[in-house]
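First chain A sits with chain B, and in the next complex the same chain sits with chain C.
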Partner chain A sequence: MERIRERVIQIYGNLVSLLQKCIFCILSVGPIPNHIAFIMDGNRRFTKKCKLMEGAGHKIGFSALMSMLKYCYEFGVRYVTVYAFSIENFKRSPEEVQSLMDLMLEKIEEILKEQSIVNRYGVRVIFSGNLKLLSEPVRLAAERAMLATAKNSKAVLSICVAYTSTNEIMHAVQESCEEKWDEITLLNSSGAGYGLISLGGYEQDEMDHLIKLTDIEKHMYMAAAPDPDIIIRTSGETRLSNFLLWQSANCYLYLPSVLWPEIGFRQFLWAILNFQQIHFYLDKQRKQS
Partner chain B sequence: MPFSLHFSPTPLITAPSPLSKPFFLVPYYHTLYAPKSPPCSSTEHALTHQGKQEAFDRRPEDSQTLPLGLRRDAMPSHVAVIMDGNRRWARLRDLPVRSGYEAGVESLRKIVEICCKWGIKVLSVFAFSSDNWFRPKVEVEFLMSLFERGMQEDTGIFFRENIRISVIGDLTKLPKALQELMVNLEEATKNNTRFQLIVAVSYSGHYDVVQACQRLALKAKCGLIEPSDINVSLMEQELETNCTEFPHPDLLIRTSGEFRISNFMLWQLAYTELFFAQSLWPDFGEAEFLKALLAFQQRQRRYGV
Partner chain C sequence: MDFSNESRVLHRCSAQIGNLLLRSLWHLVHFIISICNFTLDIANVLESYLISSGLLGRYKSLHIAKLRYLAIVIESEGAYQTLKIIELLQWLEAVGVKHVCLYDNEGILKKSKDFILENLDGAILFQDAHENNVLLDQQHMTLEFVSFSDGKEAVAKAANVLFMKYSKSGVTDQNQKEKIFTESQMTEALKTVGSGGPEPDLLLVYGPARCHLGFPAWRIKYTEIVHMGLLKSMNYGSLIKAIYKFTMVRQNYGK
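Now for the complex of A and B:
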């Protein structure tokens, strides 16, 4: 009886998988997003809603993440970014922060295993954020994961940890200024400098030549990935919460009301269909800017 | 003549203004509303002992002009608007595009009036994006002339209603006459305190961050700061929204049903609640604005925690 039940589940699973592949074939006639970003919101609310033990929501949320990654990579999305842990999340209770760090450690080890999604789809894993804020075990595990997957080239998974967009932009601005500072010092010492600007006044041209948009962009934590085509935030909250602010300038925002652990194929499909509807216009906007 | 306060228990009744006239020609405190109780002693105290501006802000009508359901204590201080849908509005009515923009200006005037009435301190509007320079030349020229005309026509009103105008964006790309007008208007209204209207013209979030970065780089070059001193606070001081006490919008409204930010105030929108309205901007009126504010007041803001 048990074996028949297992067999039925297996056949059902295969049918669903086949149906999904057919839908992907049809959808791939239209534009395929190059980069999808997820704000995985609603894990704690899911725990409360289903009256589960503390932390269970995040564990189920991780399974939901694996499903979404599978859909993305099967469909042909090359870059996926997830907002795993914000710098502001450090303000949560120490127990919650610790349990999230432990979960992260556990899952980093898991994704490096042979049968994991990362190896199946040739995914390079990047941890974006101010990693110095992480505890040493987590930071070392992250660095190990990045090293272990550095040679994978079919797809990229950016995990934003100890990340906020304002911190990312500020850090990029700082690095750009330091780079220009070094350049100017070098040029001045060789006698080919810009010349001194008198304090209290400056030319607009001088300012324009100092730092450009591309100088800042190359120092972003997310420089390895192009701008996202879709940002999906679950749980019905309509805000960016300091995620990819710089990169979201012309990006489609999809804000379903399901909680993150409840997200499924239906929401993925809807996001893709809406994206394909406005893709042409967004692409034109991006090329103009 | 600049603003003068006349408090009277019996409101002055004015003739209804034709639709084409901006609301500002009917001063705010002359309404058809009859106060339910005689002037309270706190207001008389305010009139006699406090500055005229504080008295103006504490008029008893203010506490009674909020629609049902809206809480004054939970009103956003700064609302930002992406005024999308003017051209579509015109196309749907077989009108020229310029009619859409003119209808958009009327809509803006109505929303400014409502903001003043409901106690919102700052309204930022995305009037012209850096990307909009790629639109047809005729359209761009019309928009420039519309901005010039609008600012000239409403100058008296800004003074009378104590409204401060600030302009953010790369003004060097604008026609010289418009640049001068904007700079002069900003300077002339900088001490107005009742309400601030920030108009983003030739602006983008990327431009704002890059110009802040350039200013900081220049300061570093001049030895005023070290690059390692650069922090969030220094960045915020150099962003163009440093012209206001409330640089971060609490609520962003985008009309016409599009779900994107379109390069508006990227840094400042970090924890802003987003509201996407289906109606086109010229149709966005009090009812929709109320819906947006009610939705905002129901949100639980965690600021990332």
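Now for the complex of A and C:
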């Protein structure tokens, strides 16, 4: 009896998988997004809604994330970014922050295992954000994960931890300033500076353009990935909450009302279909700017 | 030999038929999606008429004070419809919205600035009206005109301002460096280069897609972004609904 039940579940699973593959086949006639970003909102609300133990929502949310990553990589999306932990989230209670850090540590170890999604799809993992704000065990685990997956080249997963867009912009500006200063110092020391170190040698117009937009953009945490095509934020909220503000100028915002642990194939499908409907317009906008 | 040729031709034909079948299915799926979206649009239009006519009670009183600064993003084609924009601003004035920021990617609205200000009774430019970026309570509506150059390019200009400060005092002193490269210093620097408006509470997008089209990134950290459809099909009811929904939102700001 048990064996029959298992068999039925297996056949059902295979059918669902086949149906998903067929749908992906049809959808790939149209444009496939290169980069999708997720704001995983609604884990705590899900815990309350289903009357679960604290932290259970986040654990189920992690499985939801794995499913979404599977759909993305199967469909051919090369870059996926997730908003795992904001700098603002440090303001939560210390117990909650600690349990989230523990969960992150546990899951980083898990994704590095042999049969995990990262190895199956050749995914390079990048942790974007101000990693100095993390506790040492988490930071070291993150660095280990980045090193272990550095050679993977089929797809990229950017996990934003200790990240906010404004912090990212600020960090990029600081790095650009320091780099420009070092450049000027080097020119000066090699004798080619003509006293530029005091910046007296520049015209006012030149001084206003020492730091260029390209300098700032190359120092962004997210510089390794192109601008996102779709940002999906669950639980029906309509704001970006300091996530990818710089990179989302021509990005389609899809805002389903389901909570993150409830997200599934249907929402993914709907995001892709809507993206394909307006892709022509957004592509034109992107080429203009 | 003939056999392998034939099988190759057969293979090519079946691949082409398969391809054609897939393309037809794709078009069919998108046709169905278009029908669904069209039906939703019709439902929204009906709801808007009900709201405009005052039949839906809950939209009658809006806590408009919660909306301190409103931004409107208009896609390039819509930005040329100056009369429509003036009508939209008149609706907003009637509802009680005091401070509005108009954004379009290419700066078309900046060119129509004088025409809009002339035709909107009592409206003044935001820059002329405020002191130290404090939103003063006043009789007139203030308007701010923003374009793509006030976003990324302004950040680059502000970076140069910070670089000047850095090169003059912050290079050797770590403490000084930490004081120069802060978010509040960046906000000040943006004001210095002329792109330092306040952060909008609500951003309405009038265009084909829900997308902020490059509105200055520094200012939309926690801004609610609502898609209103094309400017040419704007209506009063959906404007009221968007503002009402905004007043009902509760933010945690990360906590």
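Keep this in mind: the second predicted complex is superposed on the first by the 268 of 289 C-alpha atoms of A that agree within 3 Å, B and C clash if a C-alpha of one lies under 4 Å from a C-alpha of the other, contacts with A are read in each partner's own complex, and residues count from 1 in each chain.
In this text, contacts are C-beta pairs under 8 Å (C-beta built on N, C-alpha and C of every residue); 3 or more make two chains touch, one makes a residue touch a chain.
All figures in this text were calculated on a predicted structure; none of them were measured in a lab.
Superposition model on chain A: chain B and chain C are shown in a clashing arrangement. In the overlay built on the shared chain, the residue A:Q277 is in contact with chain C alone; chain B does not reach it. Once the two complexes are overlaid on the shared chain, A:S241 sits against chain B and chain C alike.
By the document's definition of touching, both partners, chain B and chain C, reach A:S86.
With both structures placed on the common chain, the touch criterion links A:I216 to chain B and to chain C.
In the superposed pair of complexes, A:A249 makes contact with chain B and with chain C alike. Shared-chain residue A:L27: touches chain C; no touch with chain B.
When the shared chain is aligned, chain B and chain C each come close enough to touch A:Q174. Chain C is struck by only one stretch of chain B after the chain A overlay, and of the options 5-13, 41-49 or 77-85 that stretch is 77-85.
Shared interface residues of chain A, touching chain B in one complex and chain C in the other, are 86-89, 91-92, 164-167, 169-170, 173-174, 176-178, 180-181, 199, 207-208, 210-213, 216, 237-242, 245-246, 248-255, 274, 278, 282, 285, 288-289.
Interface of chain A with chain C (complex): residues 25-27, 29-30, 86-89, 91-92, 164-167, 169-170, 173-174, 176-178, 180-181, 199, 207-213, 216, 237-242, 245-246, 248-255, 273-274, 276-278, 281-282, 285, 288-289. Interface of chain B with chain A (complex): residues 130-131, 134, 172, 204-206, 209-218, 220-222, 224, 227-228, 230-232, 235, 258-263, 266-267, 269-276, 299, 302-305.
Against chain A, the residues of chain C that register as touching in their complex are 22-23, 25-26, 29-30, 33-34, 37, 105-106, 148, 151-153, 155-160, 162-164, 166-167, 171, 177, 181-183, 186, 208-214, 217-218, 220-227, 249, 251, 253-255.
Taken together, the chain A residues at the contact with chain B in this complex read 86-89, 91-92, 164-167, 169-170, 173-174, 176-178, 180-181, 184, 197, 199, 202, 204, 206-208, 210-213, 216, 237-242, 245-246, 248-255, 274, 278, 282, 285, 288-289.
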